[in-house]
Amino acid sequence: MQYPLTPDVKPEFCTTGTFMRLPSNRENAKLAIVGLPFDTAASFRVGARFAPQAIRQASMTLFPYHPIHKVYPFDACNAIDIGDVSVIPHNIHRSYEVMEKAVMELMEKGIIPIGLGGDHSVTLANLRAAAKIHGPVALIHFDSHTDTWDTYYEEKYWHGSPFIRAYEENLLIPDKVFQVGIRGTLNHPGDIDSSSDLGYHVITTPELKERGFENVVREMQEKIGDTPCFLSFDIDFVDPSCAPGTGTLEVGGLNSFETLQIIRSLTDFNFIGFDLVEVLPPYDPTQITSLLAATIIHDFASLVALKIK
Amino acid sequence: MQYPLTPDVKPEFCTTGTFMRLPSNRENAKLAIVGLPFDTAASFRVGARFAPQAIRQASMTLFPYHPIHKVYPFDACNAIDIGDVSVIPHNIHRSYEVMEKAVMELMEKGIIPIGLGGDHSVTLANLRAAAKIHGPVALIHFDSHTDTWDTYYEEKYWHGSPFIRAYEENLLIPDKVFQVGIRGTLNHPGDIDSSSDLGYHVITTPELKERGFENVVREMQEKIGDTPCFLSFDIDFVDPSCAPGTGTLEVGGLNSFETLQIIRSLTDFNFIGFDLVEVLPPYDPTQITSLLAATIIHDFASLVALKIK
Amino acid sequence: MQYPLTPDVKPEFCTTGTFMRLPSNRENAKLAIVGLPFDTAASFRVGARFAPQAIRQASMTLFPYHPIHKVYPFDACNAIDIGDVSVIPHNIHRSYEVMEKAVMELMEKGIIPIGLGGDHSVTLANLRAAAKIHGPVALIHFDSHTDTWDTYYEEKYWHGSPFIRAYEENLLIPDKVFQVGIRGTLNHPGDIDSSSDLGYHVITTPELKERGFENVVREMQEKIGDTPCFLSFDIDFVDPSCAPGTGTLEVGGLNSFETLQIIRSLTDFNFIGFDLVEVLPPYDPTQITSLLAATIIHDFASLVALKIK
Amino acid sequence: MQYPLTPDVKPEFCTTGTFMRLPSNRENAKLAIVGLPFDTAASFRVGARFAPQAIRQASMTLFPYHPIHKVYPFDACNAIDIGDVSVIPHNIHRSYEVMEKAVMELMEKGIIPIGLGGDHSVTLANLRAAAKIHGPVALIHFDSHTDTWDTYYEEKYWHGSPFIRAYEENLLIPDKVFQVGIRGTLNHPGDIDSSSDLGYHVITTPELKERGFENVVREMQEKIGDTPCFLSFDIDFVDPSCAPGTGTLEVGGLNSFETLQIIRSLTDFNFIGFDLVEVLPPYDPTQITSLLAATIIHDFASLVALKIK
Amino acid sequence: MQYPLTPDVKPEFCTTGTFMRLPSNRENAKLAIVGLPFDTAASFRVGARFAPQAIRQASMTLFPYHPIHKVYPFDACNAIDIGDVSVIPHNIHRSYEVMEKAVMELMEKGIIPIGLGGDHSVTLANLRAAAKIHGPVALIHFDSHTDTWDTYYEEKYWHGSPFIRAYEENLLIPDKVFQVGIRGTLNHPGDIDSSSDLGYHVITTPELKERGFENVVREMQEKIGDTPCFLSFDIDFVDPSCAPGTGTLEVGGLNSFETLQIIRSLTDFNFIGFDLVEVLPPYDPTQITSLLAATIIHDFASLVALKIK
Amino acid sequence: MQYPLTPDVKPEFCTTGTFMRLPSNRENAKLAIVGLPFDTAASFRVGARFAPQAIRQASMTLFPYHPIHKVYPFDACNAIDIGDVSVIPHNIHRSYEVMEKAVMELMEKGIIPIGLGGDHSVTLANLRAAAKIHGPVALIHFDSHTDTWDTYYEEKYWHGSPFIRAYEENLLIPDKVFQVGIRGTLNHPGDIDSSSDLGYHVITTPELKERGFENVVREMQEKIGDTPCFLSFDIDFVDPSCAPGTGTLEVGGLNSFETLQIIRSLTDFNFIGFDLVEVLPPYDPTQITSLLAATIIHDFASLVALKIK
């Protein structure tokens, strides 16, 4: 049988519980969906633990072929969906262990993971796994926040700090880190400076529009080249009109057309992992946030497939 | 591994896509959940095609043990969830074929099906399968409507007619048919009389409360005895305050406490199949309808388990 | 053509804009639906101006025959729906004029009005019309509040005062006024005493349940007898679980089964008018409040039809 | 009386059940709104049967004058709203008959219909009527999908096939067919090629933005000229942020500003009919989809009025 | 202090609005509302951190006088609202410290606290404070779950364990502990037995209805007498139709009328503290859960005022 | 004062929570948030009385520093939040008095008010206060409607007339009035001409985009110069996808990115007051409208702070 199941085989409202009804296992897999439903490191709204299932449910309306990249990404990659990691809601360290282990097992087999958060704290687990396999990696980080705050009430591990912790743990190559889409009010000017101080490249939403997507992508390509690169996508990168179902909304973001446009131009990177975080289904009554997330994941898979093809 | 997975094994928000995370297959199964997402025979609101997945999702918060009946129903029955039948939204006859086939295959193996509708038209497929295996059966039918209207704009097969079609097809033993919870405005007095004319026993909601649950159940026991009996539960039996997510609501129904009370008293029947129909997730913003449905299914399973024990 | 249109004639999702698709005019009418969408006299939540259309829309699922009273009420009464009175949102006095005029025109023709509020201030217009035709009338008033507060920030005409204004204007026979279902916290004990001081009979929700519906109805019959009687129903009489879409909710009310039971026992009164007020569609996401309201109106019509039959 | 009723005559929250409170009949009508609430040919979400009433309700906030085109379209056309066709939910062929008949009766009288779907299958009825009157017609089709799939589980008539059926039935002039706004994942590359193979012009959303609206419209004008032309608008042409209430959403569409801009530039076509399909009120909690639909219909009417003026 | 308060000083979900607009401080206070918005110990749905502000907002519609108990509770007690404790979402132990401290400071001044959770884990902080002041206390615990599970993935402190931890820490007098309203499916029969094994009295919902409220309350009075008693109310005690906005719903509970009835009969206890937990505003679209919670708190205050009067 | 505040003292919809948790009073304040929850002058949807509390609640997620203007606006201005003015829902004239008084008291102390409506009628109170202090003022008015209609059913004071009343009362310098973002259908062409006839400058949404924000702002600067200027922002200026929660939506507006862009370019005006009106929380299920409003207010404050710095 060909995967993902198309509506020719089973009506799209007949669920099987996996992303686009992928199998949980198959030969020669190069790509895996994995749920990382940890969300208790969030500072404001909570509920991203339900994101993996909501995104999978929204994925039912997607079809296998990508018309821009002209690939069948899930087929080309023999993609699988290994389900959710059994995180422990109340314990970030034990959750990090199980998430890192699950992701590393995939990477060790040469399978590129697409992690479905969870809040943004889960990215640290992904980067830990990546660095163990690849050494420090490059990072393209779409978000409205830099997530390089240090502590939250003296807690070091929360959804506002993964990229300062990753720096401290030497998981990233700072000059190959791009934080794109940053906007919104700040505690202090230092909130952004702190990222720059680490050596990261911060590109705000207004800059992104002013400079043009092509120019920004070209700069990233020049800096990153073929270095193994992780892509972390916080759905609050997108404007609340297109993605209301998230935890710390910032108005004034790109819309979904622009978002797809920029992602679709990332064809020349050596991606070794992805995650998509901070979808909060309880705040997404029309499910457009989950659908956008599912569509972006289809695009991630296509970026991988293009390299295999 | 023991099934269903308990939260001890996997946090309950980690889905696997099946009812209470049951496996899709195991040895010596006596009970099976099967999705019957056909809904285009509805006359008013539509959307029951999404009920099987919504009920499965709601089932995540249920635990394996039934404290009143003192059984682990899904374990006792080696219960499985075989997923959704691939119905064809626009064609009731072809959908009937595939649903009947799926249900009959279960029954032939001695597996009692719990069908998740779909609109009420799906029950005809279940009764056809049941009659093929068991001959005409007894029926306990919880609903606010008798569903013995003849045609809808000259169409004979729709969600208002399964129990007149079942009569014509000789699938039921009329004197062993009980329609319980009937209420609401009518087209004509004949709407209820037509049921009585077929020989069915109609018990309205006010009668049910006036006579007392015990007396009604006793009458059903006396009439039905050990005859193979199907139980069809339309969620609009319950009051809209407890089950807003359905297609043709009737105010003035029983609440969920009373509903469970009466279901839990059905311990002395020889049930050979169940269905639960007319949950409409698009109209259930708080998901209480799906949760009630999932809980009732846990009770159905317990009624089966009691007999096995 | 017979009215209301049944689903045999037109599928129930095909609207015509009137209650149960009644005509706006016909011979020998004895009953009329009339929208009174005035709502700017409310002290808390607003939005009852949308109630008439929401209730009409909900009425689409009702059928013509009442199975308890065994009548076709809308047919028996040649019922019509004359649409909404053109109230002026910002001016209660001018709105009172047009509402009173519209209602009085009906009454003068011997047509019993069922007014769809609007907030509870509209009842004063109805009672003014009633008193002009019938002299001071009896009143059965279902509500969680007595609505006999005097002023609101010195404003005399608002949704908390219709029944003190009606007293002052001599529109009611105080000893034949029953306020049923009163409950909830108060500003002062005087909030209830003020009703009793006017000579009204106040029956709280706990009393209603303790004394039994039959006894309360019997007392009302003895007091009211054949006196022309108006029935005013504030949907917040019912518990928020059954009627969330209203302006000033009070938990701890009767459910919809009990509500219908008591209304259905009011067969021995000489009703000369009805209204149903305080449905707020913006707060009724599942539309169960509007459906309950529509069903109660079907019952009101049946009470009238029983007298005609 | 002038139509549509303005808020000067009746507050806009006082409904009459028709689009902008138009009359159901008047002399010399040139334009008619007609509801086509057939929706059981949909493959995923259902509920478009409630669209005609939701769009009419949303139309209450529109005013009669179009400020860009400088016309009173409904007045200029003596527009009417003839209500909903009594479709049969479960039978597409019988529904096609009654829809085609209703639309053809309008066209025979020289009245241009604006059909309110229903799912996209209803367009076949409209095109059949159009071709009977005008012979094969030109088509401007706004949508995210080409709807030229052949069968759905061997069913030929469903909401994904109207434009291949129309081709087979010789209702269209293929070289004068434009499908605009196509985007989203596909089953196969052939999904789009099949349209091109029929001779249709497919313009994807990215192309539309890249080439510029003016250029695309100019090309359509050159090809279509004065040929009688039908305009079919699937609301999923628009981005989900602006139109969440639809059945098969595709992220990455135009926003409502751009949508109006392109519609407003279609001043030089000989339109002989319109429809607007796939609004699903159960998925439109803020009603912005219905309002956008109503506004687009106001624009359609203005395009007609410009030709009459 | 610098303004506006930044999240460094107070988490952004800590509101400054007060319950019924009480002052934050006044002379001779005997009662205090205190927000305890800790919610990351929940095993399923999350979001109770927003409960204190939602309940305060719902309290706006309450009036000062309690008509059954005939007291002005907040006035009689000089009640205050001291706002929310600055909990740390990700750290239960540090959160326990600050919550315990805040509650103990009140108790030391002779002020009875009414804590607004948060999830049920917060009760342990309240009981620790209570035991420090009063020694081991009696407990009346309304809930659908006993919350005496031991660990959750080896974590000892979570919202399912406060009453086993309280036992171990010797904060309660086991024979004076009543758990009322228990129902729903279980992991193991031991889930309930474990409570009984500790010496607690478990009264299920069916028992509660069968035995009658009066008898159950009488039994509690006889056992508890004048012992200082804490009352912990989990909103999931109530049926989901009345309280949909909670985390782990169990159908088949009491309704709001019955709930108030039983609370109002608790006039003869020596209450030294209260909490109300597990309201989840993101799942409460009509706000009826928050309103029920606010009303229950008004009742709690009245029980205190009755003793003062 | 007696506690809790009863509705006699303050309407129950007047919150005591503050914007970004500002204090209600401090030394040397230059800026004040003030709630103006009057909403009964609205012609269609109602509910703006709940806007001040919803916007304050949404403001919780904002941080103190503005990254574009590089200021801490609330600190720079010693900003305060004085709560809601106790308007009288049913009486616009008495409400005007109390609102004007509250705003004027601020202005007299040199405090710039940011008023949170309420419907657009409240602006007249603000302009009356402004003119008393500053004489006739300039006005920048963002809106989709000109709000220069004369009467509504002969009522002169409603939310569609503040800017014609302001003209008649000589509160504005007509040549220094800019109405920006106007769009949507009209009653008559005169609806827009009437504004021009008063000497106001009307810039429609399409013009705004065509001419470019910079050019429009430059024109306003040239005309207005240093004249004391009031800024009135109706949230329906923004497209419904970004601001669904308002009363009279017009599709085809700017998105939130563009909206912030234009507001952020207003650095060279002498603003003496602001208001933001027509947010309707009951129609804002995802709260993105309130968040946008709160963000715009942060921007308003920053414009003031830039002048102080």
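By letter and in written order, the chains are A, B, C, D, E and F; residue numbering begins at 1 in each of them.
Definition applied: contacts are C-beta pairs under 8 Å (C-beta built on N, C-alpha and C of every residue); 3 or more make two chains touch, one makes a residue touch a chain.
As the structure is a prediction and not an experimental result, all values here were calculated from the model.
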For chain E, the least number of touch steps when starting out from chain B: 1
Mutual neighbours - chains that touch chain B and chain C alike: D, E
Chain pair repeating B-E, as identified from A-E, C-E or C-F when over half of the contact pairs by residue number coincide: C-E
Inter-centroid spacing, chain B versus chain A (mean Cα positions, whole Å): 41
Chain B-chain F separation of Cα centroids, rounded to whole Å: 55
Residues of chain A whose C-beta touches two or more other chains: 11, 13, 44, 49, 86, 88-89, 187, 239, 241-242, 255, 283, 285
Pairs of chains satisfying the touch condition: A-B, A-D, A-E, A-F, B-C, B-D, B-E, C-D, C-E, C-F, D-F, E-F
Residues of chain D defined as touching chain F within the complex: 6-8, 11-13, 60-68, 70, 239, 241-242, 255-257, 259-261, 285-286, 288, 291-292, 295, 298
Residues of chain F touching chain E in the complex: 2-7, 10, 12-13, 15-23, 26, 53, 57, 60-61, 63-64, 74-75, 78-79, 285
Touch list for chain B against partner chain C, complex: 43-44, 152-153, 183-189, 191-192, 204-206, 209, 239-242, 244-245, 248-249, 251-255, 283-285
For the chain C and chain D complex, residues of the former touching the latter: 9-11, 13-18, 35, 37, 49-50, 52-53, 56-57, 83-89, 285
Touching residues on chain E, where the partner in the complex is chain A: 6-8, 11-13, 39-43, 45-47, 49, 86, 88-92, 94, 152-155, 157-158, 282-283
